[in-house]
């Protein structure tokens, strides 16, 4: 299968997530980086392209330039898709332009900085008929997909309660906002959007809940806070309801000291409780009422896993796959969708525009609820 | 030191917690069971006393009988304290009578079935000047006490966030209420009190928060629920505020399948996060921002533990102590208080009437909040 | 059931294991300490007895005195059994005298300091027909018994390989032998016996292997060592063979820094691997080839456990039992054997003289093998 | 930096380790696959090349053909290195030919099927002056490197004892040798070499010991076995000595049911014990005598890690890296060595020919020792 040629917007030197996208695409194996507008500073973009071994003729000084130049190339040569890895407030313009220029788009979450911007992207996708994938990485983990298979099959009954937490500590100190390229835009409402931790990682947590349960959050009662002197939330907790009637709690914090990137989820169904932790992603714990707890292991050779879970793993059990492989699974699935080689009966394998809009909705309702003093707010 | 002579009210054959109290007292070593009114059915009481090797003359058919008869014995012979292990709605009457008869009282939590009954006990203690200990077992664990030492010392800064969960599954099935002596009274509001899971185990969770942080819960926003057909909550979650300004979440459930007796607490301070789990009580995990995570080990020979934590342990590290030893620590401390041999500078080592009233307050506020649709309610 | 009246030999102030025996007997509930020769120094013995609430008339200055005086008391009053908790070289004389005086004996492991002394005890038991229990504590853990049930049932096939480790660090420093009452006699060959770590804790490891597999060690190839300046082994490893044909490794060390009391065992059968760790004794992990790993939980209400495993537990699952409860299970079983109330179809529930002689044999063969330069030696 | 152009020998459709090498090289980012002789069956080679997007002109029917054709290409176009991923008995011939043709070589472990073949490769490397890297994957894990830094620095004193285990279960059943492409050659002495499990994974374990301690195994006493009907060992254990005087145990098995790819190592020094487990590679546990146990976390932003450990990580802590990233670190380091851009003060970052010869030596001595009945044998 011919690899999907793509150009990257953002992700120049010093950026974090751009490199992750490129490595993920390399692991996926069905993508080829051939162009890029890596920075809004043309020199940085050029230097980045050089380091990445991109043809200098296809390293552009701006994304507008890239979209125009690439669209003018012969069909067999020009990029087919763009990867957008810029800060949140710079998602919508290039995404819409790319869609309108006929390119498929893979885009970092959250979809945009505001609900309006997100909706504009969705509208553009609708009108152009192009594909969009949003990189909710954690749904790319094999055992997360297995948990979804188990829960949505109904074999354990209905979902009663969900507890999800996404805890970090990298903003735990007042001084963490100074001279920190990662922090800088993330805590600036004009660039990150109105939500801080709830937007940056709360959306991952909410997405994970929706992915595993196959339901949507229907209402939320949120209590956000921030360290003195900050402008957007860096910590919060919420009660929520699921569309199927279950209840849940969600915590998202960037100031909980000692928790590094601690995303965990517990899903309690009528007859079993499922537990997964991102920092040790290759096991899934399932507790029962009357029999021993089970530890399910990831691995391309664990026959008890679902066929589509087996298919996305690269190594036999005991050879741990991690964050980059999970990310690669998103790229791989989107690449197959673009090539039309995905199993028609299967689900996308990446977060769709509908999932991403739900995430935007989660942000809006959380902020609204919290500002009203933790009042139940519908999503 | 002469052992404290005590009589037990409740705890006859088939009861669970009475046996735990007796074993705890035996491990503590400073208590001696010499009398009992083990059941409201005189025959059961007598049979129980026989099995326990109690002098038949001091095995009584009712607690009223016991209090009267024992009070009439010579001072050096009669009981000095009573242990009350009856269902919640039968706490107040014997407790008050015992206090008034001049006996100290150790009593199972929650203090009573209603705030009014609890207050009546408190008033009786106040008026008689007798001592009361409430068996909030989990504060008897050495590493819980160590966590309290660390957090309240202020060395880690202020408490930012607390997450506490107490999850069980023994009521997860509709049929669990039938033919289950434990469940029977616990889910009957006329005997257990108006709260179910929040009263039975939520109070433990709340007490643990207050013990470790040295603060009180000041407000709560609770969302309780129950399986169809039940009369009191068997599951719930809440947001809360601490008197020191920190925030928290609390979950208590008896219907979360696969969680056996899963009480866990995370306390995040400005400079460290402390984590303890009751099912593996001999380690305390402390996470930091800039250095490796630490695992503290329980054990009478771990010199890095506080002196009073070292003092309550029976075995060197690596010889696990468990639930019964934690319970024994409560008895041991109350016994020393009765004998006046506790360190004057030290804190009680057991939950006091003030702690227990705070627990009753927690129940009241949680129910109130939940009935109003999860509205913030002051404690 | 009338409690078994016992007298203790050793275990005065400052000793460790004597207090453990007493607490274990108290938890067991079917024992009553009524006499003692707690120290070879009469004053220490008397002071210890006083502290323990023993009738001063039955606190003796020597074990000879105790055996004589108690034997002269009326049958319904005198002790029925003695607990021997002295250093290894002082096991044989009181044990034999006690047996000959008509008392049953419960004795700390290893049975004696030399194979000859051990055999003499065995002979005395044989001739007098009295009972002996040796306190190999770790076989008192419920899940160890469950592992034995599973492995010896043959449902997992034959035992292929066993890996057992018992690692401590309390002698890791040269200076650990100075002013350490625990260490003092344990590292003195004239009091502890010729073996150090292999005698003190290696015997526990070997006993655990034999208990779980239901087989005996048949040959060993051992490599013992010690820190410079020491007289007996403080560290060692061995290859071994089981009577059923399986192979194994055994490590025992008191100088492996950071390992506190780390006894772990892995038993690999044809169709499953079982894993247990003493420091977290309430779970048993079982790995399979084709299905998820299982975590079995201890607890009096886990119906999947064997009936005799359920019977020895005091609390429902999730209320951790530990070292003292395991020890209590040994006492409880020996007490029932003395009373003749144990299930006739069941096994003893404590290490017998045969088990203890096997342990002595293990020590002898290990030393012999190691001295010859790690040569295979039959047991 | 220009990427290193390489050709692969072996690794066609159906092979496992070839794909791992290619993904590792892609993650490393400084390698480019441009040619291949993927199978000894020309059609398979061609189909594999097509699938991998290799120029059909550079997909060869045999490695001889590839070496000849590539050597004839212009310097700026031809391959610079070959990756050899064939079964063990097919390592030496292509490796020597490649070296002689002027190419650097990266080769799967063990270096060869026999000590003679291994020596021949070493001689060829010596004579040609070309570079060789052997892919002992596990030394590519960041925390393994960190353990090496800590242990070899001497800050914890000398190495006392090492325990290493590499346990698998994929050959646990007699029928596992039938229709299993992975098993087929690995258990055939004419293709795999005389050693089975000890050669295939025991060498990894031995290499890990040598890497972390900075010492060599100096003597071994090994006891190998195999299931009935097999021709080479599938299970074994050994005692060993280190060149610095420490002692150790090594287990390697492919028939221990439930252990998937369970490589663990414990290194006990005078003042600390270090513990690492491959299946959860992102934590390193360090135990001390007098202070809490530490958990060190992997991550590009954990400032307490050594600079060269930080340098090889792609993601901040809490974003787990796994087996493929560890493998990529080997490729990355070898690529930098080829480009001459590695830090001159640093060590290679990959297993050298000396390390690999030590591994061959380990195999020889283990077999010799075991055949003699577990006799100490010098390496």
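Lettered A, B, C and D in written order, each chain numbered from 1.
Definition applied: a residue touches a chain if its C-beta (ideal position, glycine included) is under 8 Å from a C-beta of that chain, and two chains touch if they have at least 3 such contacts.
Worth saying up front: this structure is predicted, and the values here are computed from it rather than measured.
Visitor: Would you mind checking which chain's C-alpha centre is most distant from the centre of chain C?
Guide: A
Visitor: Would you indicate which option in A-B, B-C or A-C repeats the interface seen between C-D, with over half of the contact pairs matching by residue number?
Guide: Equivalent chain pair to C-D in A-B, B-C or A-C: A-B.
Visitor: Centroid from C-alpha atoms only, then distance chain B to chain D, rounded to Å. What do you get?
Guide: Roughly 55 Å separates the two chain centres.
Visitor: Quick one: report the Å distance separating chain A from chain B, using the average Cα coordinate of each chain.
Guide: Between these chains, centre-to-centre, one finds 43 Å.
Visitor: Determine the centre-to-centre distance between chain A and chain D, using the mean Cα coordinates as centres, and give it in whole Å.
Guide: Chain centres of chain A and chain D, defined by C-alpha means, are spaced 34 Å apart.
Visitor: Which chain A residues touch at least two other chains?
Guide: Residues 260, 286, 293, 297.
Visitor: Enumerate the contact residues on chain B facing chain A in the complex.
Guide: Going by the criterion above, the answer is residues 160-161, 163, 165, 169, 172-173, 221, 223, 225, 235, 237-239, 247-249, 251, 253, 255-260, 266, 268-273, 286-289, 293, 373-374, 376.
Visitor: In the complex formed with chain D, which residues of chain B make contact?
Guide: So the residues of chain B touching chain D come out as 286, 290-297, 303-304.
Visitor: Please output the residues of chain D touching chain A within their complex, sorted ascending.
Guide: 1-3, 16, 19-20, 23, 26-27, 29, 51, 53, 168, 170, 260-262, 278-282, 297, 299, 314-325
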